[in-house]
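Same chain, two partners: subunit A is paired with subunit B first, then with subunit C.
Coming up: the complex of A and B.
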């Protein structure tokens, strides 16, 4: 019998697997990482001995709970770590497992593919020593490394303050935090944020802690340039120059939607996320009959919401498969998720997208680092009359390289929209194409 | 007033529009999506005469002349390189077939060079040991279809053709004097000439004028690697079919082989079976690819007639209607010459190069 497959062992995937197993359905859980936990609860390698408190701070108990669940589940389900889903076709997922090509057929599938940082490049962003906020955090969480000795944190979003705090706490010298959002935006957002007082309190705590420890926090400060020859030597904003040897930057998160795309899910423009997202109902059902979506991969809501959404999607799978569930549970979860959704609106007010980024990006700025395409080259294609993102890609290779636009696609769309005078929602989105991540020649194929 | 309506902004339709505009005709080029965004823009990029059936060679030779001055024609070089096209033989029987082809095409000026096992190793040391010999066509080459095909439409526009993109044709009528073309976006065009260059979708236009053809769609499986050190100095194919590959100046290798599948009427994917087949088998022909990574796959929608020959020339039922479609995955090189032939029929009543073999009449019992 074909299994229910879950892709992604982060908070959403783990919670979905737990829920299914609790109802007697043994799922297949596929994850790219070596150990379950996702990015937020990324687990240190075996043999590393830092305490959960050191690694996850306030989130330690949640991280430990997720890991415990993962450890309990692993021997009871078909758990496939270190396995990449590179394609979906005709009810089948194509996998790459340690250099071997395999496939798995699914009866139903829960897509819990998570998120990566949303990158808005600035000159110097490809210098050694520049990391995304998420990558900086992973270096710390996973391997106990800092990305540098004197680190600047830039961009915007809740992760900005959290990672800066974690670095300072771990003993790294945080030279500055630059938040492109003005303080006034955060004041405006307060009413909506009060709906999740604990989360708000944590955010305020990080912010206050940084100030109390003498770490300069600049609000309404937009990173303009990262200086350096062979590696980072400093940053510039407004009239300021500051020496540092590493930079972590990002503007919030973006959903990893490629698998949902290959599965044929309908996408719609989502203003809150400023992104095209696979559509899902409150239960996580997508537009495709047997495909369910949970967690940040279908819109950014954070780890707590992902855990709930994973459970809710699993309940939907069970309902749709004719398995009896506690009929009261879905409503509880959906109500909690709605509460977090309101908070998300508040966050977007507090950390608004820097609308002026595209207009201010200099022509020489390299937007697509894989194919080395500059903002000016993208604009030149737009000036020839092209405005649809895939057409622009065809003409200048932006988004055509190794990352397939996962890093540069959103930034490229912003530049195309700004230059063509169209709304960001009108320029389209990059077509999904396999492989989701690179696939080697000479791959062993299982018969 | 318009003289000619061209349906389809691929390389054939856009070339026809360009040549007609150059000859002073008033042309409207109508494209459902974006010009050069389907087969013409997503094909392998081979600009090759070698291997074509003999009766395609006069047109193909004319196309070869047109490609020679691509910048003069469309304003860009389109990454066109006369690198040579190397057709590999994996068996002695295949090599004998290459020898026979070289013999048959001797009068056409392809300049084919047969290379035995040792000569092949000496000239192209990167070729895998499985190849026992090869045939080299030194002046064949490759180009970037993503750039070349849209540039034909842009060149036509610069010459005065009206180019309508995202204009899906909903209805075509002929009112005994002119064709009336109605598009979903409200565009209405009329002209005495109608050129059916609608690629894989051209069959419905032919059928509407009472000359249905048995056209089917096929979808090539294509993939590209990350940039690699440049080792391939020719575009390659294999006698009897299989994998074909070229390397662009940037270092990326582009490989095709096998068939994909239709996702819908307009879109296609290469399919996992074909992709894995390429990844598994490319090594024996191209050993230097071992360990390289494929970063992207794609496909397109190509029109095939049962004899794998195109339909080129006048309609057998409707005066003023010309066809140019069904190139069976091999229309990129021919495109400019086919466009020119259609333009010549409009302007002078006949093509300078023989096209009788491609008449639509061959499907009429």
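Coming up: the complex of A and C.
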């Protein structure tokens, strides 16, 4: 019998697997990472000694619970770590499992592919020593390292303050935090944020802790340039120049949607996320009959919501398969998710997208780090009359490189929209292509 | 010179490897990226200008940390754990 497949072992995927197994359905859980937990609860390698408290702070008990569940599930389900899903077609997934090509047929599939940082490039962003905020956090959580001796944190979003705090707490030298959002925006957002007082309190705590420890926090400060020859030597904003040897930056998160795209899910423009997202109902059902979506991969809502959405999607799979479930549970989950969604609106007010970014990006700015395509080259294509993103890509190769536009696609869309005088929702979205990540030559294929 | 700085977990057993033929050392549980960037400043040269790159996302998305092992395999340094005796080489990239 074809299994229910879950792609991604973060909070959503783990919770979906738990729910299915509790109802007698043994899922196949496929994850690219070595160990379950996703990025937020990324687990350090075996043999590391730090406590969960040291690594995850206030989130330690949630991280430990996710890891415990993962450890319980691993021997009971078809768990496939270090496995990349690189294609999806007609009820079949193509996998790369430790260098071997395989495929798996599914009866139903829950896509829980998570998110990566949302990047708005600045001059110098490809220099050694510049990382995404998520990357800086992984270096610390997963490897016990700081990305440099003197680190500046820039961009916006809740992760900005969290990672800066985690670095300082772990003994790194944090030279400055630059938040592009003005303080007034955070005041405006307060009413909506008060709906999740605990989460709000944590954010305020990180911010206050940084100030109390003498770390300069600049609000309404937009990173303009990263200086350096062979590596980072400093940053610039407004009239300021500051020496540092590492920079972590991002503007919140973006959903990882390629797999949903290959599965044929319908996408719709989502104003809150400022992104095209696969459509889902409150239960996580996509527009495709046997495809379900859960977690940040279908819209950014954070780890707590991902866990609930994973359970909700699994319950939908069970309902649709004719398995009896507790009929009261879906409504409880959907109500909790709606509460988090309101909070998410508040976050968007507190850390607004810097809409002036595209207009201010200099022509020489390298937008696409794979194919080395500049803002000026993108604008030249727009000036020739092109404004649909895939068409622009065909002309100047922006988004055509190894990362498939994961790092540059949203920024390229902003530049195309600004230059062509269209709304960001009118320039289209980069189509996903198989393989969704590069495959090495010499892959062993199953006979 | 190093790019990364170790803040914790420094009591792990050492593993020796070579980087472009030069002897180097990392720790058990290091990714290739960590092992390389705690003793060097870059991982690869870019495809169109050979400028130095040192990875960016550390979660397997940006594809800017590919390095080569002696058996010819190209691997992402951020998601591959270091093994004793590995010979890692850096692709110099291509000049325009």
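The criterion applied here is as follows: the second predicted complex is superposed on the first by the 447 of 447 C-alpha atoms of A that agree within 3 Å, B and C clash if a C-alpha of one lies under 4 Å from a C-alpha of the other, contacts with A are read in each partner's own complex, and residues count from 1 in each chain.
Going forward, a contact is a pair of C-beta atoms (placed from the backbone, for glycine too) under 8 Å apart; a residue touches a chain by one contact, two chains touch by 3 or more.
All values derive from a computational prediction rather than experimental measurement.
> Quick check for you: in the superposed arrangement, does A:103 touch first (subunit B), second (subunit C), both or neither?
Only subunit B; A:103 stays clear of subunit C.
> Contacts for A:116 in the overlay, against subunit B (first) and subunit C (second): which applies, first, second, both or neither?
The answer is second: A:116 touches subunit C but not subunit B.
> Which partner does A:174 reach: the first (subunit B), the second (subunit C), both, or neither?
neither
> Go through the superposed model and pick first if A:392 touches only subunit B, second if only subunit C, both, or neither.
neither
> Look at A:381 in the shared chain and tell me whether it touches subunit B only, subunit C only, both, or neither; answer first, second, both or neither.
neither
> Can A:275 be said to touch subunit B (first), subunit C (second), both, or neither?
A:275 contacts neither subunit B nor subunit C.
> By residue count, is subunit A touched more by subunit B or by subunit C?
C
> Does subunit B (first) or subunit C (second) touch A:94, or do both, or does neither?
The first partner, subunit B, only.
> Just subunit B (first), just subunit C (second), both, or neither: which does A:440 touch?
Both subunit B and subunit C are touched by A:440.
> Just to be sure I read the superposition right, which of the two partners does A:400 touch: subunit B = first, subunit C = second, or both, or neither?
The answer is first: A:400 touches subunit B but not subunit C.
> Please identify the positions on subunit A that touch both subunit B and subunit C, taking each partner from its own complex.
401-402, 438, 440, 442
> Provide the residue numbers of subunit B that touch subunit A in the complex, in ascending order.
Where subunit B meets subunit A, its residues are 34, 37, 41, 146-147, 150, 154, 225-226, 263, 269-272, 275-276, 279-280, 282-283, 289-298.
> Can you list the subunit A residues touching subunit C in their complex?
That would be residues 32-34, 39, 44-50, 54, 99, 116-117, 126-132, 134-135, 138-140, 142-149, 170-172, 230-231, 245-246, 256, 369-372, 401-403, 406-407, 437-438, 440, 442 of subunit A.
> Within the complex, which stretch of subunit A touches subunit B?
It is residues 87, 89, 92, 94, 101, 103, 264, 384, 388, 390-391, 394-395, 400-402, 404, 433-435, 438-443, 445 of subunit A that touch subunit B.
> Inside the complex, what are the residues of subunit C that reach subunit A?
Going by the criterion above, the answer is residues 3-12, 28-31, 34, 38, 41-42, 46-49, 51-64, 66, 72-75, 78-79, 81.
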